[in-house]
Amino acid sequence: MPVTAQVLIRPKVGILDPQGQAVEEALPALGFEGVSNVHVGRLVELQVEDQSQLDAMCQKLLANPLIEDYEIVFEAGSGTEG
Amino acid sequence: MPVTAQVLIRPKVGILDPQGQAVEEALPALGFEGVSNVHVGRLVELQVEDQSQLDAMCQKLLANPLIEDYEIVFEAGSGTEG
Amino acid sequence: MTTAQAPHRALGLTDAEFDLICEKLGREPNATELAMFSLMWSEHCSYKHSKKLLGKLPVEGPHLLMGPGENAGAVRVGGGLAIAFKVESHNHPSAVEPFQGAATGVGGILRDIFAVGARPIAVLDSLRFGELDSARSRFLAARAVAGIGHYGNSIGVPTVGGEIYFEGPYEQNCLVNAMCLGLAREDRLIRSAAAGVGNHLVLFGASTGRDGIGGASVLASAELGEDDDSKRPTVQVGDPFEESKLVEASLELLEAELLASLQDLGAAGLTSASSEMASKGEVGLDIHVDRVPLREQDMEPFEIMVSESQERMLCVVEPERLEAVLAVCDKWDLHHAVIGEVTDTRHMRIYDGGELVGDIPVPALVDDCPMYDLAPAEPDGQIYPAPPRRLAEGLDAGETLLALLGSDNVASRRDYFEQYDCVVGSRTIKRPEQAEAAVLRLGANDGGTGRSPAGPPAGDAGPTIAVSIDGSGRRVAADPYRGTIGVVLECAANLACVGAEPLGLTNCLNFGNPEKPHIAWQLERSVSGMADALRALGVPVVGGNVSLYNQSGDGPIYPTPVVGMVGSLPDPTVVAGNTFNAEKMAVALMGPFEPSLAAGELAKLRGEELPTRLPDLDLSLHAEALRLLRDAVRDGTVRVARDVSEGGLATTLAECCLGGVGAKIDVAPLVERLARDTDPGANADAAAPAATLTEQALFGEGPGGFVIAGERDALLELSSRARRVGFLAIGVTGGDTLQINGFNDGDSSSEVATAAGAAGILKEISTAVSTIQRIHAGALAERASS
Amino acid sequence: MATRFGIVQFPGSCDEVDTLLACSRVGDAELLWHKDPDISGVDVVVLPGGFSYGDYLRVGAIVRFAPIMEAVAAHAADGGLVLGICNGFQVLTEAGLLPGALLPNQNLRFTCRQVDVSVVNADTPFTRECNEGDVLSIPAKHTTGRYFAPPEMLDEIESAGQVILRYAPGENFNGSVNDIAGVCNTERNVFGLMPHPEHAVDPLTGSADALKLFESLAAAPVTGGAA
């Protein structure tokens, strides 16, 4: 049974995140105050036959472990936690 | 109390997603079989004072409704940290 | 901190160096001071293994405005304008994280250029990776190229040229060298010496994080006792958007004459930038690290001093101009802070919240690093293994030509350079593949700053310059002295092909570990070769960079000197192209070309071992040939010019056909000349076997050969002037095939004399131009993307 | 009186001086600062190429909130001419001044290539000096240039003659729907295109084919503009 998974990829703590900074600075100009700690990352959604492979996929392709952290999330009801 | 939120932004269904395709095609070469339906989107994480503003922020800035769908999540789902 | 813990060793300092530091200070350094010493006494900052050698290079010339020692050198190009330029390596960071490593390499070299007050107007790159059949090499190449494009494209500086090659010895240690050119009015060039006791030291640009703290992180763990995750060193990430604001702000500050001096923050961050400014100005600096805008909390003073966060500049400002300076920073939304002031102490004093946390005499930090003599020793034989054989046996000349054209080091680079914006700035007259060197006009936009709205007077393109970057690994590995001469000659050749006179050269010496005698020998011979070639050409070195320790368990890289040359030319509308563009043009081979198969592309594809020596050459003859060609391009005699490089004459001729026009070529004259040269006095049939000579003529490599084309009568006239340097009429353009004949393909029984005779055509290469185009275009792209 | 071009300089703009030079070949041109909303006296507003605000989050997304953008929108609403080139085109779609959106190139790469585009509609202020069917050689250089509009919108754009430029056969490297290289709004006073006409105004640097587009603008009667 293929499982649907989400991979959330975000800049590692301490790594420059110019995108997050840019968004944070743009929001007040739009009238949205009180927003902080903005970070922009990537979202990869996929269906896998063998969910045990996901971690290796992240390490090898989906994320860049040197500068990014990743988190694997399984869609509710579509599998067990890895 | 500021709330931490995740905004998941994904390409609208039906719009060609070459990034997703590229990932899907690269995986078998790395020895990962059985992966399908790959889509690549964006993840925005932020802290907001007033969570009722989030939807407007998405509409106005974080997503482009013509080409993207978005979803606001307040709690990270179950998952494994990488 | 005691020597027993030996953090200095982890920081790359020897015990003797550590003792010397203690002696200079009269005590042991604290963590902050040790961190600063370890950076300033590193090879990267002190050139402790290469400085003595570099003294051999000529640094004077009629066009020189600023020589080595400043952030970038500069030459005069006419019209009151100067070109500042420099090449730098970012090899090690690119091997770790190729995209960010290459991107920040471009960011760094851009800052060197605008630090001297010049607006960056062009980038070039020189890249080396392992063979493309390695997945790692494909990944590194693809990501490094993407990173260079990302930075250059986003900042609006065109990448106008470069080179990329694939060889086994770069598998573990790729080379990513980037060169930048900047334009300034001569009178606007600025130096970095700090001056004026009491002046403010202002840091502006990005905030400071733990980027690239690298080796110094041992101090963190030493101090903290254990590996605190939040303190680990991080990869430098580039932000070209921040840098584009930094360029504009810096140039605006200089234009308004608000700065006493300006300096970029590169490797070794604030430590190197500030102490070098102090050293040059013979002053002291007080720096308050608590005033530095930080991106991360709880940074230690030493971390702030060594951080390599990108996109930052340091300047010295007189008190009455401070307000105006900060206003410009605000206009461009840049962080800024007065982090210190100029003193007369000649000490670097580092304060944290008013507390003195470091105090080092400037000379000790900047000038007193011990200089080492190399211990060169020539190896007994070739130290590099033969490459694997890639070519089937028994190919005829036509098949060999196609194999070469499709090989990784010869095939079209379009797949790579198309990822670079080569047109932004409206200066690019010749883009990649359109000529042997990139050609740029300078006057189109401005009087030097590039942002003045006034256009040029009608029809005035201003001064025109040409630029090329070239390097060699395999040929230098075969013979560091002659190989390096070949690199300089190739770069000069590329300029001559567009009619440009070389004004200055920058170089990056990419070598292995200089403490090993064989590497020291390579380095010594290579620098000697560069010096001799430059003296013969009358070209000075304006600056450069040394990247050593490019070495891993697999051994050292090929020794790889990379040179970039800038030249000027009088008329931008008279520039030779590099493909045949009309029928019935006469084609000639000009120059003191003595092709040899040794160390060439064909030898590589055949898996042959490298020789330990390349043929001798007569430098004055080469210089004369370059001058003749340059003048012949300038007066319109030569319309098409391409220097013979990888894959030899046949490959070069095929590349000349890429524009769609073919040619009929007779190589007999060259074979004949080779026969004469091989065994002067002897009669032809006693010389080397005809097949070998033919192969040498078709695929042999070496400096000094030019395929040129022009009107028949004009070339005839040139031939009489060019006799001394070598001139052979070899054919005529036209048709849709490349036909090369006049040789004997492998039939050892026939004689050279027969092959040489126009009547004695035994076999020929006859290849459709469309086949040449397809093979040249397709091969690399396919392999690289697989 | 010469047509007055105002080229908006955003932080991260790259081609604003090139555009300024191109415009000054046919009229008066000046740079406008993104923080200054006063654009009075300007006949044609040009949003140049580049990476405004770093193109962070999504190309053209953040820039549309620059102080000057309100004035640009007002200028457009008054019938004033607005030209968006590359990043400027992306900004105009994000700002809702032009229909559709720009997506990442099919090849997922920044690609810099001289392309042929053909003039589909010569009856606009931007193309009046061209003839329908003219083929122009212009450089394109971008990572996010795949024009997209949902089917219904696309039908409307096509039937209203809003497609002004199309990539010639074989030239559509980014994968734009219907080979669209440039579109205008229904009123035909706002035009965006991915290729860079400012880099095709001088044979010395490759091509002068796009000069016609600037000449069209210089020849266009001034219909509106912010007071």
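Letters A, B, C and D mark the chains as written, and numbering starts fresh at 1 in each.
The rule is short, and it goes like this: a residue touches a chain if its C-beta (ideal position, glycine included) is under 8 Å from a C-beta of that chain, and two chains touch if they have at least 3 such contacts.
The structure presented is a predicted model; accordingly, all values stated were derived computationally and were not measured.
For this pair, chain A with chain C, the centres built from the Cα atoms lie 38 Å apart. With centres defined as mean CA coordinates, chain D is found 30 Å away from chain B. Looking at chain D, one finds that residues 53-54, 56-57, 62, 65 touch two or more other chains. Of all residues in chain C, those touching 2 or more other chains are 239, 241-242, listed in ascending order.
Taken residue by residue, chain B touches two or more other chains at 42, 44, 61-62, whereas all remaining positions touch fewer. Viewed as a network of touching protein chains, the structure does not reduce to a path, ring, star or complete graph. Contact between chains, using the touch rule, shows up for A-B, A-C, A-D, B-D, C-D. By the touch criterion stated above, chain A contacts chain C in their complex at residues 12-16, 18, 22, 64, 66-67. The touching residues of chain A, counted against chain B in their complex, run 2, 4, 6, 8-10, 23-24, 26-27, 30, 32-50, 53, 55-63, 65, 69-76, 81-82. By the touch criterion given at the top, residues 18-19, 21-23, 26, 29-30, 40 of chain A touch chain D in their complex.
The touching residues of chain D, when paired with chain C in their complex, are 11-15, 17-18, 20-21, 24-25, 29-31, 49-51, 53-56, 109-113, 139, 141, 196, 198-199, 202, 204-206. Put simply, chain D touches chain B in their complex at residues 57-58, 61-62, 65, 94, 100-101, 103-108, 146, 148-150, 175.
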